[in-house]
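Here it is, the structure in full.
In order of appearance the chains are A, B, C and D, and numbering begins at 1 in each one.
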Amino acid sequence: MLDKTGIAKRIAQEVRDGYYVNLGIGIPTLVANYIPQGMNVVLQSENGMLGMGPFPFEGEEDPDLINAGKQTITEIPGTVYFDSAMSFGMIRAGKVDLTILGAMEVSENGDIANWKIPGKMVKGMGGAMDLVAAAKNIIVAMQHVNKAGESKLLPACTLPLTGVRCVKKIVTELAVLDVVPGVGFVLLERAPGISVEQIKNATLGKLIIEGEIPEMKIN
Amino acid sequence: MNKVVSGADEAIRDIEDGMTLMLGGFGLCGIPENCIAALVRKGVKNLTCISNNAGVDDFGIGLMLKTRQVKKMISSYVGENAEFERQLLSGELEVELIPQGTLATRCLAAAYGMPAVFVRAGVGTEVAEGKEVRNFDGVDYLLEHAFNAPFSIVKAWKADTHGNLVFRKTTRNFNQPMAMAGKIVIAEVEELVPAGALDPDQIHVPGIYVHRVFKGENYEKRIEQRTVRAKS
Amino acid sequence: MLDKTGIAKRIAQEVRDGYYVNLGIGIPTLVANYIPQGMNVVLQSENGMLGMGPFPFEGEEDPDLINAGKQTITEIPGTVYFDSAMSFGMIRAGKVDLTILGAMEVSENGDIANWKIPGKMVKGMGGAMDLVAAAKNIIVAMQHVNKAGESKLLPACTLPLTGVRCVKKIVTELAVLDVVPGVGFVLLERAPGISVEQIKNATLGKLIIEGEIPEMKIN
Amino acid sequence: MNKVVSGADEAIRDIEDGMTLMLGGFGLCGIPENCIAALVRKGVKNLTCISNNAGVDDFGIGLMLKTRQVKKMISSYVGENAEFERQLLSGELEVELIPQGTLATRCLAAAYGMPAVFVRAGVGTEVAEGKEVRNFDGVDYLLEHAFNAPFSIVKAWKADTHGNLVFRKTTRNFNQPMAMAGKIVIAEVEELVPAGALDPDQIHVPGIYVHRVFKGENYEKRIEQRTVRAKS
């Protein structure tokens, strides 16, 4: 079974040289730490920045420089700032190659729910609806089951949707799966020490298992 | 073309009860601190605020929530605010949640004289309820309308006396499109310079969009999430 | 009767302190020369500039700095450059207070034709259609009659239209007229030495003459 | 993120007969001289060129008209060009005339992922023929579609190796929106600097939009209307 770092490391393997990537809050943010040295990847922050650098050294925080998670960050050579309209313009125009975000639920046709639990507090969708509606390639980083032990990979989402038919891939503590609308969750890899049976038991939506399912390779 | 006013109180003098205001900033980054303070001083009520966020309990728009001056928030993300939550659950406050890119683009539409735009965000979700859906080349889009607000209040880094604005780093956010979207645009800035002192190639918002500018005071620039790394 | 300079001088009287003004090619360009000293007026050039300055001194021409008529110009304190999308954005959003342009024909309901003569060469509308569709206040500077001696103030335009119901005022060598849709050309002023009768004879569209028509005052 | 190519010939290597190109510039101001020369060298034919103007007889896109490489021009103003006129009257060349602001906004729509926009320009004129008209708040608008071109070719002043672009004075014109609108964007520049050498607050087109940059050579920058005043 993977921990959060493991999930981030596995997702980092999906990043390709030359990608512009938008990372959501939580596990996705960790992915930045595991992008191989020498690979040219630029991080987009939807509040208006390309070329997001690491957290500042203590005492060097700049209140005018934050990411979409409102964390203080830094710039790097090649950084560009722009306004929110251009930021979502480039997202909508498909210029961001990969979006990695968390989810509460994903359905077997790629619908995603990650912004609202009715009856509980509603914080708002922020940029998530824009990102999932526009990105060519969306990878969800999440736990396979929720705190109540219920599968988050469902035939259909039960929570209010963030977007429809948009998630391409899911990486959980148990598995890597492709999401193919009309087909289901296609199991690609098992986490170290996890059996196909365990993944089956944790997946409520249609799970496609073809041939031998390899174990993930993670450093 | 002198757009300079004496300060925040003069800048917001004709904002009245029940009006709709656009307020720039993302989180607490690049918010018009001086104008918010002046709105609290003036005590105008029943405001509708179009702003990506709603501040925190004791800073930003949170200050206007505390004094119950806000009737409705039109935002994309309103977490981080306990007083907000209380007013929302008690029914004192209305909230309309809009995807962040749609929010920005409805500002841009107003700025560029487009009555409405088509966006994909929200298709198939509750955001689409009651909205026109239109298919272009096999993809569904929602028709979203330009904002139509009498006032925009933004924070810029520098302005010249003509109202030409320059922003710094990620404070540009919603400040730039909102500075072009309101019928009357008020900009508070850290540095006010004579016309001609800014590089004409490097102005983010041309002064034609801006009606009042003033040099703000005592910027706190509070940091919402102070994240740092250790010096190695 | 006014010469071109006279028309420009009369139109300059319509400019108010604090106006952003777009001047078309020809007579409208001359208007800039007669805006009273001390009046704060900023000229917009739709190719992407606010704060258009005078022609450069010989030898100081900059090929990167032209106006919408492709003439070399200069910048002044407060000049801003921007792209064509923003330029027409601000025009469409009604930020330009006054547009002054030439016309081949104007109709009594404010339609304007100024871009095409079918059968002859078509150069294109450039930014004229955008400007007339958007400006709050459009003043036409033109000759009252064409070279064939025919009135250019018509019941309806005969040439392809540039825009409909948009012209607010006309200044010709003979007269100043308001254009009121549903009413007609309302005669406001006569040019020096020109009689109401002469204006009547040169105007084919409905001409409204109420009371004594004063003579223009031009320095 | 290195977007640097060796020069114009490499930059345009995969532009083929029959393609649609967006070409930046206004008149002869800020035109991609090196790429136009390379297109003439390559001899690609039957091109559709989206460009505000069509150059003059012996400069700019006029050079490609002379060699009959252009099948169709999509422009707002095409005067100043006798060869153009000849080809148009003889039926060798198609021309689609579009209001200048509509042309710019259809680039912006492509740049910002909007499938179509509503504009007032052309309502009630022959430009409106065959187009959808829609009324918002009592005003009629035409529905105009985003451009969808495989290539944009623009001229910037400076670029860094990531493809971040900066323009100078009125050369920004159509170069900026077109640099964000094509599927593949080629930028020729006067000065190419390392990533980090440009002020991140002062970049007109972020490199995410730009695919190939190179330092151009021998810019002529011809002036179309040399107007001067006497020294007093």
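Basically, a residue touches a chain if its C-beta (ideal position, glycine included) is under 8 Å from a C-beta of that chain, and two chains touch if they have at least 3 such contacts.
Remember, it's a predicted structure, so these values are computed and weren't measured experimentally.
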Neighbouring chains common to chain A and chain D, by label: B
Higher-contact pair (C-beta pairs counted), B-C versus C-D: C-D
Chain whose average C-alpha position is farthest from chain D's own: A
Distance from chain D to chain B - Cα centre to Cα centre, in angstrom: 33
Between chain C and chain B, distance of the C-alpha-averaged centres to the nearest whole Å: 37
Chain A and chain B: spacing of chain centres that average the CA atoms, whole Å: 28
Touching two or more other chains - residues of chain C: 75, 81-82, 85, 88-89, 91-92, 134
Set of chain D residues in contact with two or more other chains: 105, 108, 112-114, 119-120, 167-169, 172, 200-201
Chain-level touch network, classified as line, ring, star, complete or other: other
Chain pairs that touch, as defined at the top of this document: A-B, A-D, B-C, B-D, C-D
Of chain C, residues touching chain B in the complex: 18, 20, 40, 42, 44, 50-51, 75-82, 85-86, 88-96, 134
Touching residues on chain D, where the partner in the complex is chain B: 105, 108, 112-120, 136-137, 139, 141, 145, 166-169, 172, 199-202
Contact set on chain D toward chain A in their complex: 1-2, 110-114, 160-162, 164, 180, 194-196, 200-201, 203, 206-209
Interface residues, chain B side, partner chain A - complex: 26-30, 52, 75-79, 85, 95, 97, 99-105, 107-108, 119-127, 157, 167-177, 204, 221-231
Chain B partner contacts - residues on chain A that touch it in the complex: 45-49, 54-58, 60-73, 75, 81-85, 87-89, 91-92, 111, 121-130, 133-134, 160-165
